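There are two complexes below, and they share chain A, which is joined by chain B in the first and by chain C in the second.
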Partner chain A sequence: MNAATMDASIRAPARRRGRIRYHRAVFHVTAVLVALLFLAPIFWVVAASFRTKAESGQPPLPPWPSGPFSIDSYLRLENFGQSILHYSGNSLFVAVGTAALTIVVSTLAGYGFSRFNFPLKGLVFLLVLATIMVPFQSILTPLFLLLAKMGLQNTLIGLILIYTTLQLPFSVFMMRNAFDAVPKEIEEAARIDGVKGARMLVQVMGPLVLPGVVTVGLFAFLNAWNEFLAALVLLTDQSKFTLPVLMTAVRSGRFGSIDWGAVQAGVTVMMIPCLILFLILQRSYIRGLTAGAVK
Partner chain B sequence: MTRMDNVLGERRTSGVSLEAVSKWFGNVKVLHDIDLDIQSGEFVVFVGPSGCGKSTLLRLIAGLEEVTEGEIRIGGRDVTDADPSNRGIAMVFQTYALYPHMSVAENMGFGLKVAGRPKQEIAGKVAAAADVLRLTDYLDRRPGQLSGGQRQRVAIGRAIVRDPDVFLFDEPLSNLDAELRVEMRIEIARLHQSLGNTMIYVTHDQTEAMTLADKIVVLRGGRIEQVGSPTTLYDDPDNLFVAGFIGSPKMNFLPAEVREGAIRVGGHPLPDPGLAARLAEGTRLQVGIRPEHLRPAEPGEPAMPLTAQFAEFLGGTTYLYGIVGEGLDCVMEVDRSVDTKQGNQLNVTAAPDDIRCFGEDGLRIR
Partner chain C sequence: MPDTSSKAPAAVATPRPRRRRRRSADWEGLLYVLPAAALVIVFFMIPLGMTIWMSLHKWPLMGKPRWIGLDNYSRLLGDSDFWNALGFTVQYTLAATAGLLGVALILALMVERPARGVAFYRTAYFLPVVTGFASASLLWAWLSNVDSGLFSPLAQTIGLTSEPVNILATFGPAFWSVTIMVVWKMAGFHMVILMSGLQSIPADYIEAARIDGAKAHQRFRYITLPLVRRPFALALILCVSGSMLAFDQFYIILSGGPQNQTVTAVYHIFNESFVSFRLGYGAALSVVLLAILLVLSAIQLRLLRDRGETR
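For the complex of A and B:
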């Protein structure tokens, strides 16, 4: 009897530890499976980009390499039109420009909506938000006409303006929430310390809404970097193409054949900046999205 | 030269005066013609229930809200429309309101940095203030890495470094736990002693008000009910509200009536409080007696019967909760010799000086 109870008391914690270990194992296995699910297509693309032209065009394409390693696809991509660097530069200019302009405008607007009182404030904010519900494809024609009137069609600046416009409703909403989450007392303490105007925004409020700024900037950058339709419609000059438009141009090889290898190479190139940005900024980005969720 | 002189340099403080100050929020008048004189170097506490306008009054003095009508002077200078930073004030907030992205030292020196003062001067003042508040080891930390008490000390340090004429405190201890609150209360009292500045302090806690203040301003519904030293308010309240608000546990209020020349509670006569006013037969009034002033009556003394219900033993004292006459709740402070068993009857009375009478309008009858 005595031995039995002792036995049980010794075994009980062991069993418990076992259960925890089991849960942890299940968790890790699940996480690895899900991660694989997401990584598989990326791996496939990258692997496919390093094959010869003949092999990359083979249907069905096995995910593992069957032929020799080759950078032919990248060379073909490089030789299409101007260099790939030129098109990357176009995309980078548009994406960075969109992100910068979006950050500036939405920060100012968010600060205004959060901290200042003006007539019809609620209605104006509602209208800004309501534009999210308008699918942008449906206003592409008027936007195109508008840009043409301003002499901005077929320019990267025009594209930046359009992307920024599309990005703003969500961004203003984000930034207003970010400013709302900053306690009023901090601003009041700063007023007593003698801080005024732009200095308040930059030195006191700026650092406090930084996660929001990062989120807004990242969204703007990624959306502008990946956007295809507006770029396709607005850019007619091949030297102005952004990467997504370039991809469609590269795709069509001779005699109607499709150059999958070059497309995969292009997609790989396109992924790089997105991954880098996201990895650097992911902490602020997640903080920005969940801001105000928990006190 | 004391440590404090390093922080403040030459001592100069100024009084604050408010003349017919009113504040409207839209259509709601939250402060009604407030007149108040605060002497230089005084520790004044605004106290009152929530929503009485005490924080609003402080924010008007700070310049964080605009005055609708009236005038505010600090050190004789009209600051009614002055910017908060030009009023010679510093404020400590309930939520500390520290800049989370700055270190403790940067937080404390930010005001001077904005004012464009040389770095050396800022560092010197911050170091001196940190020394006084025992924050020297924490100067490089961020507010997020500090405890509540330390954060509040940083907020006070930020105020000290600004070298203000007037310190404003907006419920600075409400976010701290009970033990720390007592500790910080003593620290603030000590600070006032060594700085000698004018300090205005807002709280809803009457204990804080009683322990800290040279002068208490009791507010209710946007009006000043009474201004006076803690002893004045305790001994000589002007009305029912002040009498009930100051003192813990609360003063007992018992409805009474004048009959056969004596003030009677439920028919039982009380000692004659010696009022200057002659009360007509049949006058109804409220009698206020503090728990600590009630005592068991000697045989033959005018007294009221109290039926014990339950007792709270607090070590030094015991509070006996009972019923007087027909269901009137009454608390009294008793010593251990008194039998506090439930249902026990005793006759209680108070010294004539400790009986306060209030008319049906709530005003004191003296």
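For the complex of A and C:
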């Protein structure tokens, strides 16, 4: 839109140029206002989380602490069993575990689907991709029983296995495409040099499919970090809670009256890693998002 | 193709070693995809089969499951709570989809072409997407709180209302508050999908139409709109299936209230399965929801494809 008006302005007579400049100013003012609207809730909760206990129950007007700057809200999360570090550790373990396992499994599968022929290949590929059609909410009950049978109920490992499975359709598809984009000649050349097996995958192909690996890992991490329903159902022991489950318990007032300061602190701890990761790896994220939209 | 041509002479010259290598290659490929296949079978296919199997049983948490055939399904037909939940889910889906796609399209049109500042705008509109539904819902639960939140005190401060208004206490405001939260959180996601469609339109088309004297709204209606149909279909399907499965926001912000009016389909299944522990009945509800979603996706794909072919 804007580029169009810009090259029009080169040809436009002086009289029209003023009007175009006016339009552009209106555009930027609107865009900035909308941007503030989208960012405001995030800034608001982060700023509010640094207020003192007395202040934290008050409406956040103005959003920043009017008293002294305080990290009291973060420390008060200790009242809920363990410290905030413990629950963050749970969430981090699940998210990193899911990302690592997803990367390993989907890279192997992507390599297999891209470079080998084997019986039932089409069927297995379809099997992995078809799971995207079935919402996992509808298989939660049997998953609950299954994990109990395997002795994995109430464990973070069980959660990692389930989250990884949920990531597979997207990740395997992504990695298959990444391997497909690598020219066969590179492999041939390496094979002539005597490289084979796992070394081929890690040392030769690895660097070439790295962008795909980053995208797949990023999505796995963020989805596992943020997932709520499965964690709510599958984790019953409070010391195992991930952040979303813990914070929902805090917000519902399960531990007495609702401590809004603690909620603000918890929300901040949950949001900040996602925002930072996204800002650093924006390109990888958008690539993953548009992979499905454009053929 | 090149594979068969190279194989034929090799097979004539040295048939046995060649064959052995083919077979070991077969196994190797299968080995690579085995972990993925195993995970999908154990944590997806078996549970899916179990859902259907369980739906034919009376299945308490403790004690022995008892086969009851289609009893769960016949009971489900008369379960007004479930149909109310489904009705509410549809109502929410309509509101959220309309709001989301409308806002997303406006945002996409705003930031589609590269220009100064546009990269910043895109990032700003997208940021809420990467925060999870749980964190966004907790944030909104606080902002909507009547005493400690923002909306009601702010409205009072700027003189919009004379006394505190608890927007979560009555159905209408509560429903719209959650819907606005979802639009805030997800608009950026659909913006990117629609934007990728808009950007794939060759600039020549628009230019040609401009030279032919087409006005801005005509260019949008007759060139842009038909060409973004595919990404639009994708956004629509993701939006509808995502909203039909809504749970987090209604559980966290509203706990299904006021008066259980905002219990969604997934929420109802959650209650039956994990609060009342009627696992068999919950499984039957899951099967019905799954069937509804599959039909919905099929219909949407069909509708959007057919219209494309007749035009």
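Here is the rule we use: the second predicted complex is superposed on the first by the 213 of 295 C-alpha atoms of A that agree within 3 Å, B and C clash if a C-alpha of one lies under 4 Å from a C-alpha of the other, contacts with A are read in each partner's own complex, and residues count from 1 in each chain.
The criterion applied here is as follows: a contact is a pair of C-beta atoms (placed from the backbone, for glycine too) under 8 Å apart; a residue touches a chain by one contact, two chains touch by 3 or more.
For clarity, every value in this text was computed on a predicted model and none was experimentally measured.
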> So which one touches more of the residues on chain A, chain B or chain C?
Replying inline: C
> What is the contact status of A:Pro41 with respect to chain B (first) and chain C (second): first, second, both, or neither?
Replying inline: second
> Taking the superposition as given, does A:Gly194 touch the first partner, chain B, the second, chain C, both, or neither?
Replying inline: first
>> Just checking: does A:Val263 make contact with chain B only, chain C only, both, or neither of them? Give me first, second, both or neither.
In response: second
>> Quick check: in the complex, which residue numbers of chain C touch chain A?
In response: 25-33, 35-37, 39-48, 50-51, 54, 107, 109-118, 120-121, 123-128, 130-135, 138-143, 145, 147-150, 152-154, 157, 184, 188-189, 192-193, 196-197, 200, 206, 231, 234, 241, 245, 247-248, 251-252, 255, 266, 269-270, 273-274, 279, 282-283, 286-287, 289-290, 293-294, 297
> Can you list the chain A residues touching chain B in their complex?
Replying inline: 183, 185-186, 188-196, 199, 204, 207-208
>> Which residues of chain B touch chain A once you look at their complex with the stated criterion?
In response: 62-64, 83-86, 89-91, 93-101, 110-111, 114-115, 158, 162
> What does chain A use to touch chain C in their complex?
Replying inline: 1-4, 6, 27-28, 30-32, 34-35, 38-39, 41-42, 44-45, 56-61, 104-106, 108-109, 111-113, 115-119, 121, 124, 127-128, 131, 133-135, 137-146, 161-162, 164-165, 168, 172, 222, 225-229, 233, 244, 247-248, 251-252, 260, 263-264, 266-267, 270-271, 274-275, 277-279, 282, 285-286, 289-290, 292-294
